[in-house]
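Below: a set of structures, written as structure tokens.
The same chain A turns up in both complexes below, where it pairs with chain B and then with chain C.
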Partner chain A sequence: MGGLTRALAARAVQALLVALVVGIACFAMVRLLPGDMAFRIAAGRYGIDLVSGAAADAVRVELGLDRPWWQQLGAWLGGLIRFDLGVSLVSGDPVVDELKTYLGHTILLAVVALGISVLVGPPLGAWLGARAGSAADRAGLVASAVLRALPAFVVGIGLILVFAVGLGWLPAAGVGGWQEVVLPAVTLALGLAAVSSRVARDAVAAALHAEPAEFARRKGLPEGAVRRRHVWRNAAVPVVAYLGVQLVALIEGVVIVETLFAWPGIGHALVHAVVARDVPMVQGTALVMGLLFVALNALVDLLTLLIDPRRRSAA
Partner chain B sequence: MVGRIGMLYYRLMQRRPLLAFALAAPALARGANAQPARVLRVVAPWEIGGLDPARSGYVFQRMQIAETLVGTDERGALVPSLARGWRLLDDRVTWRIALRAGATFHDGTPVTAAAVAESLRRARGGPGPLAQVPIEGIAAEAGEVVLRTARPFLSLPAFLAHSSTVILAPAAYDAGGAVRAIIGTGPYRLTDLLAPQRLDAERFAGWWGVAPAIERVSYLAVTRGETRAAMAEAGQAEIVTTLAPETVARLRRNARLSVEVVPIPRTRAVKLNASLPMFADVRTRRAFSLAIDRAGIATALLRSPESAATQLFPPGLGDWYDADLPPLRRDLAEARRLLDEAGWRPGPDGIRAKDGKTFRATLRTFSDRPELPGVATAMQAQLREAGIDLQVAVMNSGEIPAGHRDGTLEAALFARNFSLVPDPIGTLLQDFGPQGGDWGAMGWSDPALVAAMERLTAEPDPATQTQLRRRIAAILQAELPVIPVAWYDYPVAFSRRVAGGSVDPLELSYRIAGMRWAD
Partner chain C sequence: MTAARIGWALLAAIAAFGILGPLLAGDPLRQDLSATLQGPGAVHPLGTDQFGRDMLARLTHATRLSLGFAAVAAVAAAVPGIALGLIAAWRGGIVERALVSLADAVMALPGLLLVVLFAAFAPGEFLPLYLGLSLALWVEYFRLTRGVAASLLARPAVEAARLFGFGPWHVLRHHLLPELAPMLVTLLAFSAAAAVTAISALAFVGIGLRPPTPEWGSMMTELLPYHAEAPLQVLLPGLLLALTVLGLQLVAGARR
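Now for the complex of A and B:
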């Protein structure tokens, strides 16, 4: 259990660092963006039609944007220690309240997408890995390369055209029912499965000819038992570990996919917050995404510990 | 364990790779089409930014959930809405507004003059256009709402049509004055709100008007034009607004849709800094205008030939549009002649110069309206033919008012809405006053124009009003402190499942209450 505690402690420290770095980096980046923040915030609040120098001045005074930068950053960090993420500069509501809605939707989307990708990618990869070098395997490589190379935006539009416009099976966009989550989740899942299927394919192909498997065959175990005992588990370690890396792709994809499918998630919120220079909202959103990333990686750590006894004894 | 699960998947996939999908597909098909009760679905690009009417009142107004005192009819004329009528007393500064008898808020409380006055006071404190009206007092007297202005201000009723002035029940506000719930008076009552994306509403039995035929409505904000077009094509929305220009032709060919395109009172225009020597001379401003190929821009970039602007105000803006005004046009020879006459002579590279100064200006624009950078680039090429070197800088929209104020702005391309309130005088006063305006003239003013605008705010006679409006339009056309480029279209797709739909060019309403199911 020492390995488990150590892994979790390391992730906890990482979470703290992420919070600090993300908060400061977001603050610095939003301030470095060109343009007068007060005008952007006013446009975010009231729309471009109502933006004037007077409206921007009112925003500047109300939010104290003329304060020195270290005072503004200090105020945010001080709030963070008290678990207070501040108030959105645009809506005036607490950032935490806004994030609750957005985060729920993003987690739903991400979990469904990850679920679909796990159902499709690794099993398909394993199947191809057992047939390494076959025509199916080569076709799989091409399909995976094409899917990964296409931006989520293009994949999403393609799915909309086929399943919403062409077949009429699913809504093209929206939120509220279970149908609405399918197309955005599949868009994300296809990108994820494109890569995880290749990782699984390589892992299975390697494990099939690794020494433990060969030894088991020599001692006369039937092929089914060889795979059950010596191939799947060995191949699963890199596949699960790779899921952690894939979360980057997931979070990056969410920003585009949510906008395309009108899904009120955190990626969508982040884009709006950046455009409107809503610093606390950008910091809060990025913070939550960062912490989510750490939490999911911690989960991946636990899973690999569970699968691979060598790691447990090594610790 | 994971290995065993993996193996199960593996076996399943080995046998029936498409099994899961084949089983799921019919279920999906049923799910997408099953509507428990028919909902009229509106899809538009505008997200619901919250409950504050100053921010997102327009969504509640257009969905006919919240109402303003004043509305507009088919032709854009002001008509009573929640108000039964209004009159201006002989002192010319006191307005008495009578309310609909028996009107109630969605929480069942009666619409009283006191509640309306309170709602207006809150609107006045916000950033909306009402803040520009010289209002001295808002009171409730003898069942009527009484507004007093510091000086005669005849376009006041138009300001009471703006979405920031929707009337909400006293219970809609919290102790600090912030809106906590949308408790309006419209034919539809909000049942569910998931900001910023969607809302649902149902027919409100207590509405003062004729009960609408359609019982349930929903609104979904879809920012991507491609997605909106797909929803219209897939029959997943009954009204899809603000179609992207590149999707209009495709949707028009769809037999299940009817696409309506109406011009709206919004103009894409270039403002020039007339305090710079190159733009101080009206001849150079005219030459600038003569060099622009508006028809080309409207046809090739905006895909709407009718949107080429012939004057600042588009048709549909009542008598502000003067059909007799000589139209703006392209005439390169005339442009060159005017520039020669003004002393700007072509240099070896074709760019004109005068007294050692090159005719070079930076045009600021922004991409929040996606077509603007393209229009700017087209103008750059067109102006170059006349010997004007225009640099295009795509920036934040805020850089235009900011540059106006610090004097660094040379030229800017933007879109200006002349119907923030249904009477454009409100916008004109901001744009062409003695000091110019953030989104209007810069380094230019005309006493005759200022006088005409001021007289118009206090002129009760309709014939004289028309004369004044024509005079204002003529001065702007002759002097060109702001150069009109293209008007706006508002394309809306209606599903043929609904009938009675029409487009409000002032964008105050989706007019759902007048629609019905066609089948």
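Now for the complex of A and C:
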């Protein structure tokens, strides 16, 4: 198997695990919530005044709630794999339809945030790594440590207070033009860049004095060519690999930041579904959030293979 | 080394604030609607919130709550993680493969999503938050313990001890724990930082602990609409949270 096939196969397994974990959690949630589920569903259909024991029994047989729990779990997970996610208990619309509108917003936010963090973090880190030990380098270390200690919602509130309330340059919430995406994306990007700039800084500082770079200098290559050919590319490998680790922070941040900025994405919908105890929506949003995490990871895998030829043929 | 000292000093100061503060400060729930959103003064050193509750009292109680939560959550993740890691390395075979698969299943999802799923069972309660965090964080301990234990068990000294008939407890106490201890400090600090951040973030978005419980995240949510009148009150809980996480990260990072 080549490196590419292996990486994609591992991500496919991860996607199945996501469905399994989310499915089992939501299955348990439905059954552990107090009250008779068949009665609750019947009350939702016919109205709380019109529901009778007979109606609840009919629902019980129709939905297979009288079968043993392991058969129900099998049917539940089977539906999940076929992307049959049921109907939102709040809006009454199919969960899949709602997810389609949310997903676009979340992907936009995640991609803009990743883009900003990649444009800011690694170049800044590389610049600092080339002058490791200088005053600028030490200031960068302190700034990164402080930024990493600040949770996303605290950073977001700070940005809102300064740029939306204080200066009035950008809207504090909502969705529409490009202005609305700036503050939530910058909130996420700052946290990501605080880490990726340090990874890039360490990688560049190490690659500058690694054997390939030293050898190239000894044979008389000008410093610019040494950096282009032997420093940047070698330093890029750990930076991209660490991007995979950062995706956890990105997805977790999306849930919080979307809620803070009222950005109508999957994370915002997940929080609302939890508050409303809308289990089909909790399941659908958590599933899509998990699958987005897997897809972004697969993208990072591909990027790693692209810049590091050694991995492509690795046994 | 200095970074770790700063970290410990920060944590000690915050812990003193959280442990001693509640004994000295007043009732964090007592409202005084005639004195809302006041600035710092003689009666209320850090001012009051939108219900006239004393900010200092609320902050000390919130600090105690978060520190206690972080300590319990970190230990609740460490104990099963270490135990299962040791079992996996000691038994090998199908037990090890089953546990590794379980760890992979947990790692498939970002940790906070797991905690959110658990919080959905019973919003506003502690137990699902503990269970969710414990389930999300044990994997790190499991992987570290299993890796270290597997390499140690292959050492001649440990093989000799096992051949002499020393049981798992002897190997654990005399060979494994001394090796693991320094790395565990790092992991404990990291998972405490993750727990502190998670509980505040979830309370902030409204699916964790709920008002009127004094908690950093929910205090910020409650006070955010009053940012113009009381900017200090909005920022103080976030500042305490950030200082706690910074202290934990400095303690953890210096050990690496």
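Here, the second predicted complex is superposed on the first by the 262 of 315 C-alpha atoms of A that agree within 3 Å, B and C clash if a C-alpha of one lies under 4 Å from a C-alpha of the other, contacts with A are read in each partner's own complex, and residues count from 1 in each chain.
Note that a contact is a pair of C-beta atoms (placed from the backbone, for glycine too) under 8 Å apart; a residue touches a chain by one contact, two chains touch by 3 or more.
As the structure is a prediction and not an experimental result, all values here were calculated from the model.
Colleague: Under the stated touch criterion, which partner chain does A:161 make contact with: chain B (first), chain C (second), both, or neither?
Modeller: After superposition on chain A, A:161 lies in contact with both partners, chain B and chain C.
Colleague: After lining up the shared chain so the two structures overlap, which partner does A:286 touch, if you call chain B first and chain C second: first, second, both or neither?
Modeller: second
Colleague: Does the superposition put A:93 against chain B (first), chain C (second), both, or neither?
Modeller: Touch partner of A:93: chain B, not chain C.
Colleague: In the superposed arrangement, does chain B or chain C reach more residues of chain A?
Modeller: With both complexes superposed on chain A, more residues of chain A are touched by B.
Colleague: Is A:259 in contact with chain B, with chain C, with both, or with neither (first, second, both, neither)?
Modeller: Touch status of A:259: both partners.
Colleague: Where does A:55 make contact in the superposed view: on chain B (first), on chain C (second), on both, or on neither?
Modeller: first
Colleague: For A:217 in the superposed arrangement: first (chain B), second (chain C), both or neither?
Modeller: neither
Colleague: Would you please give the residues of chain A that touch chain B in one complex and also touch chain C in the other complex?
Modeller: 157, 161, 165, 259-260
Colleague: In the complex formed with chain A, which residues of chain B make contact?
Modeller: Its residues touching chain A are 1-4, 6-7, 9-10, 12-14, 17, 20, 25, 28-29, 31-33, 47, 49-50, 52, 54-55, 127-129, 178, 194-198, 220-224, 226-227, 230-231, 233-236, 368, 395-399, 401-402, 404-405, 417, 420, 430, 437-439.
Colleague: For chain C, which residues count as touching chain A in their complex?
Modeller: Per the stated touch rule, the residues are 104-106, 108-114, 116-121, 123, 197, 200-201, 204-207, 217, 220, 224, 227-228, 231, 234-235, 238, 241-243, 245-246, 249-250.
Colleague: Which positions of chain A touch chain C when the two form their complex?
Modeller: 13-14, 17-18, 20-22, 25-26, 29, 32-33, 145-146, 148-154, 157-158, 161, 165, 247-248, 251-252, 255-256, 259-260, 270-271, 273-275, 277, 279, 282, 286, 289-290, 293-294
Colleague: Spell out the residues on chain A that touch chain B in their complex, using ranges where they run on.
Modeller: 34-36, 38-40, 42-53, 55-56, 58, 90-93, 101, 119, 122-124, 126-127, 157, 160-161, 164-165, 167-179, 182, 227-228, 232-233, 235-236, 239-240, 259-264, 272, 303, 306-307
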